[in-house]
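These are the structures in question, set out in turn.
In the two complexes that follow, chain A is the common piece, with chain B as its partner first and chain C second.
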Partner chain A sequence: MAAETGAPARRVNINNFETNVWRYMRLSGLLIIPLLLGHLLILHLINSVFDVNYEWVIEYRWGLIGWRIYDAFLLWFAGLHGFLGVRCVIRDYVHDAQVRRVIMVVMAMVVIFLFLLGTVALIGAPFEPVEIPVVP
Partner chain B sequence: MTMKVTMRIRRFDPEKDAKPYWAEYTLEAVDPTDRVLDLLHQVRGRFDGSLAFRRSCAHGVCGSDAMRINGVNRLACKVLVNTIVKGDEGKIQVEPLLGLPVIKDLVVDMEPFFENYRSVMPYFVNDEPPPARERIQTPEQRTRFDDPTKCILCAACTTSCPSFWANGTYVGPAAIVQAHRFIFDSRDRAARDRLAVLSQENGVWRCRTIFNCTTACPRDIKVTQVIAEVKNAISRGRAD
Partner chain C sequence: MKGLLTTVRELFRYRGQEGQLAWMGHRLSGLGTVLFFTFHVIDTSWAFFWPEGYVHALKLYKHPLFLLGEMVLVLAVLYHAINGLRVVLMDFFPELWQYQRRLTIGGFVLVGLLYTPAFLIMGAHMLQGLDIL
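Up next is the complex of A and B:
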């Protein structure tokens, strides 16, 4: 006699998307730590915030391809990591499926816009600085 | 030597009360080696016979008297008064488990918890014809899932989990522990089905590795480690 079996009421396959999101969060989290520490060190500790201006960024950061790749990694890894983190929070606390979908779509659009803006700034031509009017 | 203990208990009677409230009962001569469960019996016997709470074996085996004692999920029958009240007098706060609907006083509706439990197929599955004697297993294979076999389904872990508080559709630590017990059993054949169930949106990925479950478990199961092993099994696509 075969042992009693209990097949699940509804067979499902392994959810690869959620599994990959989990993998990405762990890997990007590890990668972001040195990237962010390096960013903090260079822009806030080694250089004074008074020296970091348009000319400095163009000459020492944007002018060197290595730093542009560094900043691209920082933008994409930290940006997507943050987006997926907020997605977790929304899925925890917003219980209405329709409201959740609307929030997710709006948030995804904002993130895509920020990604595009950052990417254009990284690979595009250097833009002209905007003159900030001095308040008398 | 006896102690003076004030029991601060979260009360709620759906037939009388609009919302829960705190009630205090002072017990003048408490034996320091009494358990919190004994004190609840004293309150019910001396002050208010309508105080509702669950208990069954009263020896830490059945898991029916899990409740939040001084802010931590414990079994009332396993907590001695002198471990949480120091000196001659003190206060003990008792409230129902969080994240489950309160039926009355310290009694919660366990159905959402058991619904999650049932979703992971917490039973042995093997369609192969059984051998003449038992299905052989080496001591090493048996040790692989020894820890989760200690679970008594008291719900202390699941109701200590902030992810479960925020969203009760999360399957919860206890259900994952029960799934682990069969996923890593060499005789079982439904590991992949269980891993698939736990890989869904409300499965293991809602665990944020907070460790509340491990702290809360009255059987000292390493719950967070068990969940991590299931996560890794899903990631690899197999249990071994």
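Up next is the complex of A and C:
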């Protein structure tokens, strides 16, 4: 039967790094689709950039802890998905091992910086807007 | 870098048809979204670190050029989501490979169907927000 269908006789569990990246891209993709489409639906279609201001974000979005968790999920899962995608593109076009290594190190630092920045802001943002000087 | 040149040149020469187009679109929409994501995380974090800067950033997002960028971004995300879903389905269920061509073109059609109302709604927001309507 196995020979007829071409299916392997035994399932081999491959657990190397590249295979896990491959799995992550697909599984995180499935998670990001509803999260990101929901994000776009709420912020760009139901509301618009003209409704978004500092007070609105602090009171109505980050005022609810659930939205902070939602945004954190987007930050981490979509961020990692995106930069692993860039990594894939770079590996396609940059063949010099030295140059590639430099790009990867810089990119890893960018990812860590963005994750820290976003996570600290999501945890630390106040639940009441602070008084800010009027911007002309 | 030679590979990059080959990709660009063969985009017009190599007859990969809808499959090549889908792959190219996935790559471009992904890269564009990552670029926006980077700026978006930085400016959104200012809501905590630098509220004045956040107010400035939101003003910038209301500029007509950024509103056009928003429309392109939504298209990029929508395409990446639907084409990505097709890739996931085909990877996990290889029996779908025989419908590869139909699924790819169906994905393009679905993107068009979903993007049309989104485009109209964003267009209406834009015209209202800019006091044209």
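Throughout what follows, the second predicted complex is superposed on the first by the 110 of 136 C-alpha atoms of A that agree within 3 Å, B and C clash if a C-alpha of one lies under 4 Å from a C-alpha of the other, contacts with A are read in each partner's own complex, and residues count from 1 in each chain.
Throughout what follows, contacts are C-beta pairs under 8 Å (C-beta built on N, C-alpha and C of every residue); 3 or more make two chains touch, one makes a residue touch a chain.
Note that the structure is predicted; figures quoted are calculated from it, not measured.
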Touching partner for A:V21 - first (chain B), second (chain C), both, neither: first
Output check: A:L117 vs chain B and chain C. Expected answer is one of first, second, both, neither. What do you get? second
Touched partner set for A:I132, first chain B, second chain C, both or neither: second
Touching partner for A:N13 - first (chain B), second (chain C), both, neither: first
According to the contact criterion defined above, which of chain B and chain C contacts more residues of chain A? C
Touching partner for A:H44 - first (chain B), second (chain C), both, neither: second
Determine, under the contact definition given at the top, whether A:I69 touches first (chain B), second (chain C), both, or neither. neither
Of the partners chain B and chain C, which touch A:H95 in the superposed model: first, second, both, neither? both
Between chain B and chain C, whom does A:I33 touch in the aligned arrangement: first, second, both, or neither? second
Footprint intersection on chain A (chain B / chain C) at 92-93, 95
So in the complex, the part of chain B that touches chain A is made up of which residues? 121, 123-130, 163, 166-167, 190, 192-193, 195-197, 199-201, 203, 205-206, 208, 231, 234-235, 237
Counting only contacts in the complex, chain A reaches chain C at residues 26, 29-30, 32-33, 36-37, 40, 44-45, 48-50, 52-54, 57-58, 62, 75, 78-79, 82-83, 85-86, 89, 92-95, 110, 114, 117-118, 120-121, 124-126, 129-130, 132-133, 135
What residues of chain C sit close enough to touch chain A in their complex? 1-4, 7, 27, 30-31, 33-34, 37-38, 41-42, 44-49, 51-52, 54-56, 58-59, 61-62, 66-67, 70, 74, 77-78, 81, 84-85, 87-88, 91-92, 118, 121-122, 125, 128-129
For chain A, which residues count as touching chain B in their complex? 1-8, 11-16, 18-19, 21-23, 88, 91-93, 95
